[in-house]
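Right, I'll just put the structure down here and ask away after.
For clarity, chains are labelled A, B, C and D in written order, and residue numbers in each chain start from 1.
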Amino acid sequence: MLQSNLLFYILFWPLLSAIILSVLNLFIKKELRSQILFDFLSVAGVSFSAVISLYLAYQNYVFSFDFGYNIYTFLDLESLKIDFALKADALSLMMLSFVNPVGTAIFFYALAYMRDDRSSARFFIYFNLFIFFMNLLVLGANPFIMFLGWEGVGIMSYLLIGFYYDDFSNIKAANKAFILNRIGDFGFLSGIFLLAVFIGVDGYSFEALSESYYKIEPFYLNLIAILLFVGAMGKSAQIPLYVWLPDAMAGPTPVSALIHAATMVTAGVYMVARFSDLFSMVEEVGVFIAYIGAFSALLAALIATKTYDIKKILAYSTMSQLGYMFMAEGLGNYSYALFHVFTHSFFKATLFMGAGAIILALHHEQDIRKMGNLKDKMPALFYMMLVAALSISAIFPFSGFFSKDAIMLHLFSSGHYLIYFIALFTSFLTAFYMFRFIFYIFFSHKRDIEVKATSKLMLIPIGVLSFFTIIVGFLNTPELLGGDERFSLWLSLFDQRYFVSHLVEISLIVINTVFILLAIFLAYLRFYKLIRLEDEASTLSKLLSNAFYVDKIYNNLFTKPLHKLSCFADEKCDIGFIDKLINSLAFGYIKISKKFSVTQNGSLNLYMLVSLGGVSLMMIYILVVLL
Amino acid sequence: MFKNYLILSILLFSLGLIGAVSRRNIIIIYMSIELMLNAVSIMLVSYSSFYNTNTGVVLSIMVTAIAAAEAALFMALFVTLYRKKKSLDTSLFNSLKDTNATK
Amino acid sequence: MLSNMIFIILATNLLISSFVMISTKRVIDSALSMLIALLSIAGIYATLQSSFMFITQIIIYAGAILSLVIFIIMFLNIKDKNLPHEPHKTRDMILTSLVVFPITAVLIYFIKLSDFSNLNEKTTSSIGKVGLELYQNYVLPFELISILLLISLVGSITLARKEKDV
Amino acid sequence: MLNNIEIVLLFILAISISLVVFSTKLSLQKAYNISLITLSASFVFLLQDLGEIFSTLIQKDIFNSMLIYDSFSLLFILIFLLSSAFLLLISKEYIFDHKYFKVESLIFILFSVWGMILLSMSNDLIVAFIALEIASMSIYVLVGINKHKLKSSEAFFKYLVLGSFMGAFYLLGLTLVFIQSGTTSFIDLAKYISTHEIEQLYLVIVGGLLIMATLMFKISAFPFYAWSLDIYDGAPLPITSLMAGIFKISIFSVILRLFLSDYISLKDLYDPLIILASIFTMLAGSFLAISQDSIKRMLAASSIVHSGYLLIALSSIATIGDSASYSLVFYLIAYFLSSLGSLGVLSMINSKDDVTYESLKGFASTNPFLALMMSIFMLSLAGFPSSIGFLGKFYIFSSAIESSLTPLAILGALTAFISIYYYFKVIASMYFHKNISVLLTYSNIKSYIIIFIISFLVLYLGIGSSYFTYLPGTNDLTEFSKSIINSL
């Protein structure tokens, strides 16, 4: 099909942008650059991809076309054939239809954000490459290609977190993200290896795999599922591999918006959904996933209530929302999870971009305690962020309401009440910290803060996204409200559904909304007219504001012993033993070779004698052999 | 009888080997090599004569011609070497060697 | 029987003169004993009734190559004091003989082991037959030999020619 | 009608002889142009034979099937012609700058190439020896061409004496083979061997052993390696690369032809010797290479190691047969490219004395291009992945493992590992030292282009054509080397 070529172009345009940019960046000096050309090149790739993605998603939605495109055969062994193939079904196209458009908005925003940065070209090279890899991840027709994209986004995320590499702490954060992701990747890689080992013979594309899962023994199936989920844990920042996400906020704000809110962190959710046929076969693992998600959500929300860094609050909230998605996936409803991914990308991007605008306006101030009373100075931004905050708190009719409520309903009806209550409490906390955030920034401290004007180019993308935040929720209107859950129907994943009466549904919505409103009211009481700073004395708040000391625990539990071990290995084993051994071997070898060069003393007679000796030995050999 | 000729030539060849390897005078080395080639020649000619073919003789002509070709180069060698050091001692020509090689 | 006697005398002569050749100190002595050795070889060819090789041996080896050697010795005017100083000559030669011994022994042993049964009568090989063999079956080596000789000729001229210092 | 190869042989011979005749009348420039054109024209002319697998006896009636022209020899002939033309192009400045290079030296280069061509085609022991002598004698003369330098004359002296000395073994071996089997032709010999019991083969076996000794001397295998360092060192650089890069390959061509003939009953006898020889050759070579200061000597010593690798391939041929032999051919190609390139770069460095590690310091800053090229060749010689040297070693070691010679392959890998030490020392001294005085280079654009072409080939054939499926590349090369073996 002709349109299948378009899949290739989704990948191709951002890559081309990146290549052209890097060539230009290498050969044209900064002073001689045409700004417009560079701007165009920076955003062109992702914009094209966005248009193509939306077009293809439309085609799929209306005509149910699936697209496939085989670029070439990557590996052809007898037992395993891996094609470098792309595939787009409803799931992929759903992902693409927010990755690329939201990406485009963030790219435009980044244009303004990075305007004065001296290495903005480098930034956009990375950014374009990131989009390329993200698309590769989503489009990959087999786990291997997906892994390529997976690693690619990991690398780009590493480069972008450490973008300001002059500052050592940034590099540390980047390394942390990278290493923790490696742990996850190890799980993912082991999972896909095991898949290849067990059923790779019958084809390695997702379709082929999904037809042969039944061949694997249950034990290994569980193992594979857990390993795959470990990969998802790393990428989507779940307990215990989450600690990198808050630190990853060291990168420029557009990076946080694009990578650590809207796209890359959702890769884990996407991956689990991609393997939904596998996960739907292992319910115990599913429950485990759900609990991990629940505790991640709760923990992140708790921490967020005491965090003061504007970006870290959002980071924790991201983690918390990802927890919701895993709860839904673990308990078997993948399309709800993905719908939450979908809406989340809009409101979280809005929040991040807004935060970025505030940071810029306040001369790189990130502490919310030093902000306040910005409502009058930045009214447009205030309303946009308010919309997003209402949405994330799940207030009707904003999009977050639709996605989160569906999840809550599913959690309740599946009978795992503990998870439901955790989710409910988290939802309460979410509203609380979100409005703490809003009140702190826009209302508290009746004092003047000097504010730089925000450029239009920055505000427009935020506005566009916040507009979508309001409307996208209606894509999956539940039956109760007269809709027919089109989104879930479109995706048609292996969803589990439980029938609940409308009465239960309504009462759940009411309970939830009451809790949320209560939280907002509490936040209003506490922070609206805040003048004195919060009390730091209580143990709980200390615990919370230090993020439960998880970093420290990790440090003491893993890093320090490892460090000690590696120090030991370095000093005792390496220098003391191996180096000595190698050195003595090497020097011994050189010594021998110097001894050996006695044979090269330049005397012809010696050379002749040696040769003669050789012939002589050959003769003796042949005598011995023949007799 | 044939074997006696062969043994004679092997003995001659060995004498040539000893001379070539143990002596330091280049001319004597050269002559020893010639002796070795002559030994080969004897073998070929005796084969020819005992087996009544001419191939051996032809091959020994080849050997002689090769010896002659080597002779020409050796003559040039004597001249060049003698010009350099006024001697034909092999042990004087050892500027090419490993720097680490102890003499 | 007579031919055997002649062979033994010639062989003894050949071996002794060769030994003298490789062991004597002065080059000119060595060259002269080489001459005797070459002539003995010519004699051995005669016992093999190979007239062509007999003549060739005398003309080429004794007449040409060895004369050339002697000429070179004369030309270079090698005096006794210019001869290599070889204090350990005997030791070296014995040592080398020890190394050479396995080669000699193994070769002779295998010659003894080998079976040369289908021997023909010794016949005189005429020069004409040799020529026919050479031109019928060995044309290519013969041609190549001529090129080899050309190369060695040009090479020796190139190398021996005295040139102005550069 | 004449075959193409006969035309080429006669053409080169005629040109060389006319150069001899007119040597006093011609300027060096003219002679250089003529020989270059001769070599490259012959190369281009012979290219038309490339393609199908063929095997013809040349002038069967007159020459008595003593010369054979097949795809196998064609590959080698093309290598000789191409690499000698490359050699002339690379070392143009060297030749014109050093006054001892005269018209004669070009004649001898032509003659030696001619001899090598014959060698790779020879189908008879005596023809092989005469061809070998033609090539070696030309090289003896070339080694001593610099009469004003003691080292050059000395190298000539050592090479000539040792060469004639070891040549006598070949003749003795040939004679022993001949008096037992009554033939010198490879084909008849193979027939004789396959139809006789081992009791009737004693002299053939011993004679073959002596012939092997001479051939091992020529490829500087243990224990006949001792000459190579001194002689490579003493010879002028272009001649060193002629010896190391081209002559060695021609010897291997005849060894391979001998080896792949039908000597089944003897292979088991010779195989342990070859294995031993390869072990000690690799060890001795790497011992010697480590302690060298001069890069020329180091390359000479490392060429001994490479002979060791080639002997591994040879011994695996003895056990698993033809399927291993393509690895040898491939390695020869890899080795010829890398050594030609590295010695070519050395010959472009205008240094009065030896090029040592010391004098290469800071080369990367004075001439980054050549330093890069040199690094590529060093990486290839060391067998680094993504260079042709790696693939060559890979094939050799895998065929060794296939023929259950795993310890040999391990030792090979070990010596390859050691070789990183001395090859990387070159790279290190070029790149990591800055403060040494500037090295001048002969800056001839043609030489640069040729060096670049060689390095491109080294990388292109090393990376493999799997990325560019429609371009000819490594796979085709391996396929080709497999197919030429069939023409034997």
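Note that contacts are C-beta pairs under 8 Å (C-beta built on N, C-alpha and C of every residue); 3 or more make two chains touch, one makes a residue touch a chain.
What you are looking at is a predicted structure, and each value in this text was computed from that prediction instead of being measured.
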Inset, instruction - Kindly list the shared contact partners of chain A and chain C, in label order. - result: B, D
Inset, instruction - Any chance you could check whether C-D or A-B wins on number of contacting C-beta pairs? - result: C-D
Inset, instruction - State, to the nearest whole Å, the distance from the C-alpha centre of chain C to the C-alpha centre of chain D. - result: 32
Legend entry - Centroid spacing, where centroids are CA-atom means, of chain A and chain B in whole angstrom: 81
Legend entry - Rounded Å distance, chain A centre to chain D centre (Cα mean): 56
Legend entry - Cα-centroid distance, chain B relative to chain D, in whole angstrom: 26
Legend entry - Residues within chain B bordering two or more other chains: 6, 13, 16-17, 20-22, 24, 30, 51, 53, 55, 59, 62, 66, 69-70, 73, 77, 80, 90-91, 93-98, 100
Inset, instruction - Could you tell me which residues belong to chain C and also touch two or more other chains? - result: 92, 96, 99-100, 103, 106-107, 111, 137-138, 141, 145, 148, 151-152, 155, 158-159
Legend entry - Per-residue overlap in chain A, given as positions that touch at least 2 other chains: 594, 597, 599-600, 602, 604-605, 608-609, 612-613, 615, 617, 619, 622
Inset, instruction - Counting only chain pairs that touch, give me the topology of the graph as line, ring, star, complete or other. - result: complete
Legend entry - In the complex with chain B, residue positions of chain D that touch it: 126, 129-130, 133, 137, 140-141, 144, 147, 150-151, 153-158, 160-161, 164-165, 167-168, 171-172, 174-176, 178-179, 182, 184, 229-231, 233-234, 288, 291-293, 297
Inset, instruction - Using the touch definition up top, name the residues of chain A that touch chain B in the complex. - result: 594, 597-605, 608-609, 612
Legend entry - Contacting residues of chain B [partner chain A, same complex]: 17, 20-22, 24, 90-91, 93-98, 100-103
Inset, instruction - Quick one: which bits of chain C touch chain A in the complex? Just the residue numbers, please. - result: 92, 96, 99-103, 106-107, 109
Legend entry - Residue ranges of chain D in contact with chain A within the complex: 157-158, 161-162, 165-166, 169, 198, 202, 205-206, 209-210, 212-213, 216-217, 222-224, 226-227, 229-230, 269, 272-273, 284, 286-291, 418, 421
